[in-house]
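Both of the next two complexes hold subunit A, though its partner changes from subunit B to subunit C.
Take a look at the complex of A and B:
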């Protein structure tokens, strides 16, 4: 029951790879990671949720907060790699209407 | 007519690190009862939302006896979960007003980072009751649908049912 976060930074974007569970216990760590990334100017933020098998409203709240931050700095936030369960939660809550979610998760292999 | 076959009680500190423990426990109980994978995931989220609520709102820092109590009522046809705290009286109506999903035309700066928890509990469970007389008590029920045709259009099971 933990959350692992790996971040890769390039010139114009930051990508955060999450793996594990996002709940009230791990949320603060996620927030502490995402907020400074969202605050960087001229860098779009991508959060890869491929490794996330559990998320609840605390995690969703973090993404709302991150979205607000990127709006302020003029960056974009995109979520990618959501499994069916995780995506369903974004749909139930209506968050998919306000946050960009990449549905077709076909990234180029590195 | 159903009887309680088992009753399980759990009392853990109202701390973030124990929410996952409760989640694992309810997952095990729901699995034993024969719920589908999706139902188990729904129950896990609902229970975690209720526990998260206790962790975030029930107690002031350093308050004595800051526990959350989780009762699992195991019936033949349903699982009844009661999550409660001793954090004092709350205004249930106010709590209910703050809940709800996000709508498309909501301005981003107006989005609330909380308020989704209760909405999720009510969406994911079959019956939900909230009491706020002496601390918050959330009572939630999920029915076990044994004989239901599979979701997602897999259709009728391979066995042909007996004629009535």
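Take a look at the complex of A and C:
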């Protein structure tokens, strides 16, 4: 399985659109993309997971690492477009309490 | 070495003479044996070619010059193969060394897990833990204190293999320093979280569920650090419910509170703890759902706790064609009296 990442940068935020699976095989690619984005000063990071069906624990670790990086630089990390399965993973692990997760209404109804 | 060369020379000469005389299959078989021996004696392909030439020159005295010269070319070509072969050998030696180091580490890791069964009148306990590779990122523990309280834990380190295994031993050592918190699941996880947060890579984390059963009051008190929820079976209602507790995974933030929950167990009720290797089992490319797992436990619930976990492992292993993708741990604790 592959992971496609597209990034759009504006003045005050970076948005990374992910599509595919975030797992042990794609985690390092994701980390390479997200870490420099999280390190940019005065830019909040939004990760759009609308195209992601599955995240494993290694993938989850990348979001934790990214969160820690944004905390250091004073930025915020927000996740959007989580499907049911992925949202459940963030709930079980309690990460929804420390990472800002935007509830996507469209996905919710589907 | 010189002696070996002489004896190999003689051997090759006998073989070649015999083959040239009667072209027998037998001699070809000998050639196969000879090639094994060459490898054992670390002879390179170019040495073999050169051996062939010397022997042949002795047997057939008037070799045309072109034939002899052509061997120079062949020798040159074989040198490349020789180098590749030697590299292959040194990699193989290195691999053997790594493998044996890994075996030692795996044995050491096994010694971190509890051994010996707990046989008690109050509870029936069963546990199985199988690593996907040589080393496991899953940790489990069961222990008995002097008042008969039984503590049980299942922890799952992100990823698998050696890095996961190293973090898993951190949990074990930290647990050993906290005997006084064995009856305070929340405080125990808070202490472990502080240790993990300071000592783990920023992309890594550990999930864990810890609880203990009080054999006189018949309750189970537990807390979870982002761990895959377990199950509790109620015999009277013949129902399974999710054993959930809120709490952040270990290693993310230093100040986390874990709130313990308590449930009462009647005779025959049981608790199921698991690692996500159980629910990450894929059958026909689909993840097994928690409901399917409940059905499997239901099917075997008349058996002893140890038999249940073993049967479920066997069924899931078979369904995945014996290819475990993640470390697998399943623990059952049932109130007996």
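We adopt the following convention: the second predicted complex is superposed on the first by the 103 of 110 C-alpha atoms of A that agree within 3 Å, B and C clash if a C-alpha of one lies under 4 Å from a C-alpha of the other, contacts with A are read in each partner's own complex, and residues count from 1 in each chain.
Please note the rule applied: contacts are C-beta pairs under 8 Å (C-beta built on N, C-alpha and C of every residue); 3 or more make two chains touch, one makes a residue touch a chain.
In this text, all values refer to a predicted model and were calculated from it rather than measured experimentally.
A simple residue count on subunit A separates subunit B from subunit C, and the partner touching more is B.
Residue contacts after overlaying the shared chain place A:21 against subunit B, while subunit C stays out of touching range. Within the superposed three-chain model, A:68 lies in touch with subunit B and with subunit C [touch as defined at top]. Of the two partner chains placed by superposition, subunit B and subunit C are both touched by A:97.
Subunit A residues 24, 56-58, 60-62, 64-65, 67-68, 92-95, 97-98 lie at the interface with subunit B in one structure and with subunit C in the other. Partner subunit A is touched in their complex by these residues of subunit B: 16-17, 19-21, 23-24, 38, 41, 44-45, 48-49, 51-52, 55-56, 101-104, 106, 108-109, 111-114, 116-117, 119-120, 123-124.
Against subunit C, in their complex, subunit A makes its touches with residues 24, 27, 31, 56-58, 60-62, 64-65, 67-69, 92-95, 97-98. By the touch criterion stated above, subunit A contacts subunit B in their complex at residues 1, 21, 23-25, 54, 56-58, 60-62, 64-65, 67-68, 71, 85, 89, 92-95, 97-98. Chain contact summary for the complex, subunit C toward subunit A: residues 156, 158-159, 202-205, 207, 225-229, 246-249, 251-253, 276, 280.
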